[in-house]
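Two complexes follow with chain A in common, the first pairing it with chain B and the second with chain C.
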Partner chain A sequence: MEKRLIKKDVLAGIVGKIAGDVNLVAPVKEEDNVLFELVKDGVTALSSYRNTKNAPKAFFFPRSETLMRYTRKEKGYEFTGLGEDVSGQTVIFGVRPCDARSFVILDLLFDQDKYKDPYYIEKRANTTVVAVGCTKPPYSTCFCTSVDGSPMSTEGADVFLTDLGESYLAEFLTDKGEKLLKYFGDAKADAGAEKKKEEIAQAAAKEIKKTIPAHEIKAWLDANFEHPFWETVHKKCLACGTCTFMCPTCHCFDIQDEVKAADGKRIRNWDSCMFPLFTRETSGHNPRTSQKERWRQRFMHKFRYYVDMFGPIACVGCGRCVMSCPVNIDIRKIAEDISKL
Partner chain B sequence: MQNPYVPIPVVVDKIITEVDTKDIKTFRLAFQNKQDEENFKYIPGQFAELSVFGKGESPIGIASSPTQKGYIEFTVQRAGLVTSFLHEMEEGTHMGVRGPLGNSWPIEFLEGKNIVVVGGGFAFTTLRSLINYMIHGDNRKRFGNITVIYGARNPGLLIYKDELKEWEKRDDLNINVTVDKGDDTWKGREGFVPAVCREVAPSSDNAVAVICGPPIMIRFTLPVFFDLKFSKENIITSLEMRMKCGIGKCGRCNVGHKYVCKDGPVFSLAELDKLTKEY
Partner chain C sequence: MENVEKKIREEAKKLLADKKVDVVVGYERGTLPLTATPVFITEPDDADRLVYDATCVQNLAKYVHDILSAHKEAQKKVKPEDKKKKVVGVVARGCTSRSLVIQLQERQYGRDDLVVLGVPCNGYIDGKKMGIALAGEEILDGSLTGEGVAVKTSAGEKKIALNDVLADNCLTCRFNNPVISDLMAGDNAPAKAFDREYEKVDAFEQLSTEERWAYFTKEMGKCIRCYACRNACPSCYCKVCFVEQSMPQFVGLSADHTDTQLFQLLRTFHMVGRCVDCGSCISVCPMGVDLRNFLKKLDKDALELFENRAGAKMEDVPPLSTYKENDKEDFIYNP
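On to the complex of A and B.
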């Protein structure tokens, strides 16, 4: 693995050069929020920020994405082509370790042996992830260490940057990552830099004060699909779906057709298990009749079903759902409450 | 990389109105490209997404049998946006199909056994596929006795009427067609499906029951088969759920950690017992 040491003040220049060659997605300031956005001329990528309001999954699995196009012919519509051209190379810069892990978790779903999702896979293959370790975990709501992550986890990253104070340690973890080597100069990292990173990593993990029994509750979840506890979780839920839209691992979608004059397109849009219509059948029958069943589904999907299907918990502990829920439903508290039952 | 979201182009070859109420029709679809026809290898019990550009898609069980060459058939009730459009279509219309999707009736498991097929109302489509598959000359020897019990509310609501008559002429198939209530011209059996099952009383010896129908029929039919000593491993059914992608990604048709579109729609009662009760 190649490692480089770069002075802090040159990072902005490196990012600028990358933006000149490929599409660059990075955290930018947008009114009061920090958001991942495609960096255009005149926009500055932030080098100092906590985390972004939006999860970067949208760059592989957009909120709304054209799957195919079609046009009206004499005997009906005919397929004319796929959606947007996504063949361009992209670098996502400044991804936090929790979000970088979310890509690995989503790969398990979108890139299975039997059914591959070409839209996700192509964008993922064309994108290099430059992650920045959380030397100081940014929020009190962070709980990555409870769900197999850590503030300095390199999982899902092609290049990993660690803030050592005066300089950054840049680790080039994959072939894709090594293609960016040319931007980072020649200063090789010495053993001292690595030792410093180790110390920072250990200190950072201790900074995550909040832990939840994410694995420990699995046995209870396996045994208690029906339990009075589920009557309590959803009571104040407004079914707004914000938690699912902010979540880096939520991946449910809807497919809709849109036609203008003779041309149409088939689009997929993010959907949410929080919505009654999500599972309502044409007959009117709905297997999940109330918010109770929908909340149980969301929680079970993350901490039980995804584990059964693929191995990892479908939660990276970023805390976005905790911060953005308008009625303060806290997924960490649900896990804790379950562990006490 | 094959794109599982892009439909295979087909043309509507034939439309058959199945019932007096005219809200159930069978669509015979022919592939526009010969290669697609060869690639579309399916097993009874599988389904496909019927794709109408401008409207959307609807997951429908394949009603034809793979032994029928040159086309695939789907029997569709008019219900929502896509199915209403299908019902307005004329022969010759171009549309799309995505599939085959899902698992299938467990053909290998059924081989060498006596098969009891129980269907109710419109939920007879993939059962018809299975029956036609089993009674085909190439396959008939692979299965033991075949008993069919099929019912509808009234004679006008029976689907595949001509085929039922043909089946009745066969001596290698025990077919029992019933209606809840007959009319002036009905000379056949009257009675609900569960009651007819009790009357026919198929033996559970080396036998598998394949049951599809409305929930109310299932509810009263299962106890009959339990009484006949069919084990839960030997009672097979097919689930329906709202679906979009059909390939286990869009996240809406799961029952516990199984996706009905990908891991189902066919499950044995023993398998269903292990899943959450949410369907």
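On to the complex of A and C.
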């Protein structure tokens, strides 16, 4: 594995050069928010930020994505093409370790042996993930260490940057990552830099003060699909789906056709288990009759079904849902409450 | 406010113990610093969880409607002799009480389904203003100190004047004390600067049509159509909202900006004489869309054209439910 050391002040230049050659997605400031966005001319990628409000999953699995187009003709329909052109190479810069892990978790679903999602897979293959370690965890709500992550986890990263104070340690972890080597100069990292990184990683993990019993509750979840506890979670929920839209691992979708005159598009849109329309059938029947069943689905999906299907918990502990729920429904508290039952 | 809080707990406990109500809708401490969150208390012993201060944001009338309409639905399946009444107690400040009045005027439930625990109100803290005051620093700890808020962030400790972070609607609130109540927890709160309530709308009206349209499209451009605003609103209680109808389908699911504008225009117009300016929709919006400007404009129109202030008096007839011969109609010819 290649490792380089770069002076802090050259990073912005490196990012700028990358943006000149490929599509660059990075955190930028938009009014009061920091968001991952395609960096356009005249916009600067932030070098100092906590984390973005939106999760970077949208660049592999967009909010709305055209899957195919068609036109109505005299006799039947004519297929007129696939969705947007996604052939361009992209670098996502500045991803936090929790979000980088979310890509690995989503790969398990969108890129399985049995089912392959070509739209997701193509964008994933064309994209290089440059992650930046949380030398200092950005929020008091972070709980990555409870769900098998850590503030310096390199899982899901192609290139991993660690802030060593004066300089950055850049680790090139995959073939995709090594293609970016040319931007990072020749200064090889020495053993001292690696040692320093180790120390930083240990200190950072200790900084995560919040832990939740994410694994411990699995047995209870397995046994308690029906339980009065589920009556206590949802009552104040506004069903807005903010938690799922902000979540880096939520991935439910709904496919609809939108037709204007003779031209139609088949569009895949984010769905949310929090929406009343979620799983409503054509007949009008919905097997999940109320927000209670929907909230149980959200929690079970993350901490039970995903574990059973694929192994990892479908939560990376970023705390976005905790911070953005308008009525303070706190997934950490739900886990804690369950562990006390 | 501490005495108010104490009184709310006492009264709630009594109401539950005497079986005068089945549930009390109020606020409890949130899991994040300086937050409170809606809570549904059914056991007298849990009444001590109730809190009340400037961190209480949501208009609880929304939940009153949720509970009573769900109960009404459930009762449809019950034999007449087994039918049960459900009474909801609710902690209500000015805006909440006005929303209750609107729901009562609109015959959503009866006055006897409700026990209104009135509270005086000095306004609540606007999360977005707080974010700006702290330059985006995360709140690690915080407390209310009379006229101010003491906040701890990783950048250190900071004192902020309450007036600098109160929501815009609270700063100019005309009805910060309940317009109906069965019990009052505390004396009436001092008046706010209500004579300035239309200042922003007045300024907005001075802009050209193009400028106003540009502002509307800019704000609506941020909207991700999560419908949190609609769901938080006590006046948005349609069983099926037009945006979720599928036959016919009025709006698409994808992020088409004309669909977003259509949703917002229709919701806003449904609010004539029904918006109490509680700010709930704005406080829950994850994208910081300025809905208030447009709602407040309609509020002003309702006042000027129909002499109506939403939910101000039980005996008022809501402007959308009545027709008077002297209703102004020149705006139809001279918009």
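We take it that the second predicted complex is superposed on the first by the 341 of 341 C-alpha atoms of A that agree within 3 Å, B and C clash if a C-alpha of one lies under 4 Å from a C-alpha of the other, contacts with A are read in each partner's own complex, and residues count from 1 in each chain.
Simple rule for what comes next: contacts are C-beta pairs under 8 Å (C-beta built on N, C-alpha and C of every residue); 3 or more make two chains touch, one makes a residue touch a chain.
What you are looking at is a predicted structure, and each value in this text was computed from that prediction instead of being measured.
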item: Room on chain A for both chain B and chain C (clash or fit); value: fit
item: Which of chain B and chain C A:256 touches, first, second, both or neither; value: both
item: Partner chain in contact with A:332 - chain B first, chain C second, else both or neither; value: second
item: Which of chain B and chain C A:267 touches, first, second, both or neither; value: second
item: First, second, both or neither for A:229, with chain B first and chain C second; value: neither
item: Where the C-alpha centre of chain A sits as vertex, the angle toward chain B and chain C in the overlay (nearest 10 degrees); value: 90
item: A:50 touches, of chain B and chain C: first, second, both or neither?; value: second
item: Partner chain in contact with A:281 - chain B first, chain C second, else both or neither; value: first
item: Chain A residues touched - chain C or chain B, whichever exceeds; value: B
item: Which of chain B and chain C A:220 touches, first, second, both or neither; value: neither
item: After fitting on chain A: smallest Cα gap, chain B-chain C, Å; value: 7
item: Doubly contacted chain A residues - partners chain C and chain B; value: 254, 256
item: Of all residues in chain B, those that touch chain A in their complex; value: 1-7, 9, 11, 52-57, 79-80, 83, 92-96, 240-242, 244-245, 247-257, 262, 276-279
item: Chain A - residues contacting chain B, complex; value: 67-68, 70, 72-73, 75-79, 82, 109-110, 112, 114-119, 121-122, 225-226, 251-257, 259, 264, 266, 268, 271, 273, 278-283, 287-288, 293, 297, 300-301, 304-306, 308-309
item: Interface residues, chain C side, partner chain A - complex; value: 30-32, 35-40, 58, 63, 128, 131-132, 136, 138, 140, 224, 226-228, 231-232, 244, 252-256, 283-286, 288
item: For the chain A and chain C complex, residues of the former touching the latter; value: 31-33, 50, 63-64, 138-141, 235-236, 238-242, 245-246, 254, 256, 258, 267, 269, 276-277, 322-324, 326-330, 332-333
